[in-house]
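Here's the structure, in structure tokens; my notes come after.
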Amino acid sequence: MAEIQIKNVAKRFGEYQALSDINLTIADQEFMVLLGASGCGKSTLLRIICGLETATEGEVWIGGRRVDHLAPKDRGIAMVFQNYAVFPHLTVFENIGFGLRMQKQPNDEVKRRVERTAELMHIEQLLGRYSGELSGGQRQRVAVARALAMEPDVILMDEPLSNLDALLRLEMRAELKGVLAESNTTAIYVTHDQVEAMSLADRISVMHQGRIVQAATPVEVYRNPAERFVAGFIGNPPMNFLPANRADAGKWTVAGQTYDGPHAADGSVEFAIRPEDIAPAESGLPAKVRLIEPLGAHLLVTCDVDGTMFRAVLESDLELKTGEIINLAPHADRIRWFDKSTQQAVA
Amino acid sequence: MNARLLPYVLIAPVTAFLCVFFLYPFFLVAQQAFTTGNGFTMDNFREVVGYWKFPISMRNTFLLALAVVPIQLALSLLMATMVNKMKRGRDLVLYVWTIPLGISDLAAGIIWLAIFEQSGFLNSMLHGLGVVDQPTSFLSYQNLTVVFIAIMLAEIWRATAIMLVIIVAGIGLIPKEYYEAAEVFGASPWKRFVKVTLPLLRPSLQTALILRVVLAFEVFAVVAALGGSTFPVLMEQIYENQFLLQNSGTAAALALIVLAISIFFTLIILRALRVPKGATI
Amino acid sequence: MSDATVSEIALPRAPGKAGRYVYISGVVLLCAWVLIPLYLLLVNTLSSPETVNSFPKSFIPEFDLGSLEFFTGFSGMLVALKNSIIVAAITMVLSILIGAPAGYALSRFDFRGKELFRLLILLTRAFPLPLLALPLAVLFIRTGLDDTAFGLALVHTTLAIPFSVLITFSLFSGIPIELEEAAWTLGCNRVTAFQKVVLPLILPGITASAIFAFVISWNEVFAAAVLTIENRTLTAFLLQTLSESPLHLKFAGGFILVVPALIFIFAVRKYLFAMWGIANR
């Protein structure tokens, strides 16, 4: 059992507040992705869990044990680094077996586990080589194998795929997901790539300015962003926002159209809709087409709605011209509302 | 081990060592220079400056530094640029050019003695060419200019390598994109050197010049080997005061004078070649 | 950096054949400028004492070991050679043991006072360090360190320490911190991670830095002459006997001084540039 609990963790570097009041529970064997732009504190949080960084405040618990005062080696974790950190003076075999040797495992046990993990990562033919003779993708595999060979309770990964080229990244992503699902370990994975996050995660923690803004399943984060930031960050292209005026109780006027909305206070909510939840219709938001980008499967259409930029992903067989005015109707059940002052989603 | 304390533990030995063997001795030098047994005095300085050899050794030291350092700077810049455009044999040439770096000033003096002494190779060559019949005694009072030139050549031969190393290392740190950009905007090779290399090389030039100038005022063994007492310099005077005259007070006073000169030139070089804040590579 | 890119850097780009010719002869000339004086010293060393003192001289060595035999037979010379090696060896060990931890601290930690510490290290380069020998001579007599190899080694360590700190700083900076962090997550503490990961990677560089310290001590003349009386090092001995010793003794001594330097510079050539590159920034 390796449930991870992060309680009230904060980190300051001098005057700079890198993390504030982080509370997060990661279930045993869960795959948690920390997602955010660079500088949001996701790597710092991972390094605090790992023990490479000390939190200014708060506690870290792994498997029911408080670990924030323990050295990394005593936390039952293994880590995969962004630049792999494969030891250049050791062979692949000794790299994978490094942690086992440190645990003073008998030779045949080291051999057994190194060979098993090497096989798992498809690098069994590379065991005699040195890091300098490996490609980036192979080094990546060694780094993962080295972590898995430890049979850790928790495996931590800091942007492990970001140094690979696009095709290799796709391949490694799928492989990583399969291997980790079989290994029964809890995983925390840091990335700035939302597609990677979506495809790998059981749950995603979206981070922004040192806070966790939302921690939920990928679908939930996508469908029901808890904050305006998440709505604007997740999805490519991101959600559209339009100003709304209160028409009646639970009725809001958006660009001349009236939609059912929250019963909440007057005048201070925004209307939000994903570009792919829109279709051309007889009546809807009046949009002046500015730019048409064919993407193969779809058309990405950038329009002007009531003076605000608005994007729609439409069927590719649609015939449109720039300057044309079309009516775009949002799917009613996909409309979201955000409070303008608190930035929070309102129902 | 507390991670916050660790760096201090690690630098403690060096700090302690330098306090005992660097800062404290300089304090002691000052103390020796300004005292003669009964409190503060300038007597040591008066005695040193009043000694007949002082102006000569001062002049000689300055002349030597003035003659040697600019030539070394030009030569090392030339060598560095030559090495940089080299395609084959770069490592070998660099090794050959940096050999003198490992050679002591005493050995350098002896090496050039082999050339300039009366039965040496210069005389042998002149004899072989039929220019002279009898070997000339180059390193004597009659030929002070030749003594100066011999010392100058030995110094240039020996100590250009250190500047070369610093400058080659410095050029290696300048990204080649700057040169490509300059070339695209129409700068000639010479313009690229003056407008890109030299300004970006300022930190290296600073280090090289400071090191070299300080060493130039410390010139001692080369002079001892080639000139002996015919060409007195400041360090040689210190040595003489300490040993022949057994007067550590005057030796210390002279040492402070050398120190003051060194610091003065260090500050000038730092000022002249300062890099504006934020203008670093 | 590939050769092609190196060739683009700086001036002068030789236009056409004539320029190329000038360039190559320049390189050859400068190599000759370094090598010929060394060759002449070799000629003298490998000639009999009679030949060395005769005129005119041949430019080809006669491969007679007479001068070197005279050198080894000269009273006190072998002891001086032994002293030089002992002092240089102690300097080498001390400067690494004391300097390397500080180099590690500078490369791995941000700590309060780091800039001040760097300043102290850089400051030592702007001072004429051999002058330290003067006050230390007095101090050593009081502590019984006078005229000992260890006492002199302490002064030489002061000379070598700024270099050993800066070289090891650059070496440690070249090893990504992630390698150490990876070792920590794989069951190492700071010490074992250093042993298993950092040390094997850094050992060649540390050796180079140690050799550099050895050469600094081996070549030093002034402090050695001031601080030793009975237990003279080779440089101090040669300096002392400079005025009265015969030519062949000087040349053989100079040759013995030069040989280790040639080997050492060859051994450390790879690190010379790396170390000065980082030391300037």
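By letter and in written order, the chains are A, B and C; residue numbering begins at 1 in each of them.
Convention: contacts are C-beta pairs under 8 Å (C-beta built on N, C-alpha and C of every residue); 3 or more make two chains touch, one makes a residue touch a chain.
Here's who's who by UniProt: A = Multiple sugar transport system ATP-binding protein; B, C = Multiple sugar transport system permease protein.
From a predicted model like this one, the values you see are computed outputs, not experimental measurements.
K.L.:
Identify the chain whose mean C-alpha position lies nearest to the mean of all protein C-alpha atoms shown.
P.N.:
Smallest offset from the overall C-alpha mean is found for C.
K.L.:
Counting only C-alpha atoms to place each centre, which chain is farthest from subunit C?
P.N.:
Farthest chain from subunit C, going by C-alpha centroids: A.
K.L.:
Does B-C or A-C have more contacting C-beta pairs?
P.N.:
Looking at B-C and A-C side by side, B-C shows more C-beta contacts.
K.L.:
Take the average of all CA coordinates in subunit A, do the same for subunit B, and state the distance between these two points in whole angstrom.
P.N.:
About 59 Å, centre to centre.
K.L.:
Between subunit B and subunit C, what is the separation of their C-alpha centroids in Å?
P.N.:
From the centre of subunit B to the centre of subunit C is 15 Å.
K.L.:
Quick one: report the Å distance separating subunit A from subunit C, using the average Cα coordinate of each chain.
P.N.:
That gives a centre separation of 54 Å.
K.L.:
Enumerate the residues of subunit B that touch no fewer than two other chains.
P.N.:
none
K.L.:
Would you please write down the residue numbers of subunit A that are in contact with two or more other chains?
P.N.:
There are none in subunit A.
K.L.:
Which residues of subunit B touch subunit C in the complex?
P.N.:
The touching residues are 1, 4, 6-11, 13-15, 17-18, 21-22, 25-26, 28-29, 31-32, 78-82, 84-88, 90-91, 93-107, 110-115, 117-121, 123-124, 127-128, 135, 157, 165-166, 168-174, 176, 179-180, 183, 189-190, 192-193, 197, 203-204, 206-207, 210-211, 214, 217-218, 220-221, 224-225, 228, 235, 238-239, 242-243, 248, 251-252, 255, 258-259, 262-263, 266, 280-281.
K.L.:
How about subunit C: which of its residues touch subunit A in the complex?
P.N.:
176, 178-179, 181-189, 192, 196-197, 200-201
K.L.:
Using the touch rule from the top, collect the residues of subunit A that touch subunit C in their complex.
P.N.:
Subunit A reaches subunit C through residues 50-52, 71-73, 77-79, 81-83, 85, 87-89, 98-99, 102-103, 146, 150, 156.
K.L.:
Okay, in this complex, where on subunit C does subunit B touch?
P.N.:
Its residues touching subunit B are 1, 3-13, 23, 26-27, 30-31, 33-35, 37-38, 40-41, 43-44, 52-59, 97-99, 101-102, 104-106, 108-109, 111, 114, 117, 120-121, 124-132, 134-139, 154-155, 157-158, 161, 165, 190, 215, 218-222, 225-226, 235, 238-239, 242-243, 247, 250-251, 253-254, 257-258, 260-262, 264-266, 269, 272-277, 279-281.
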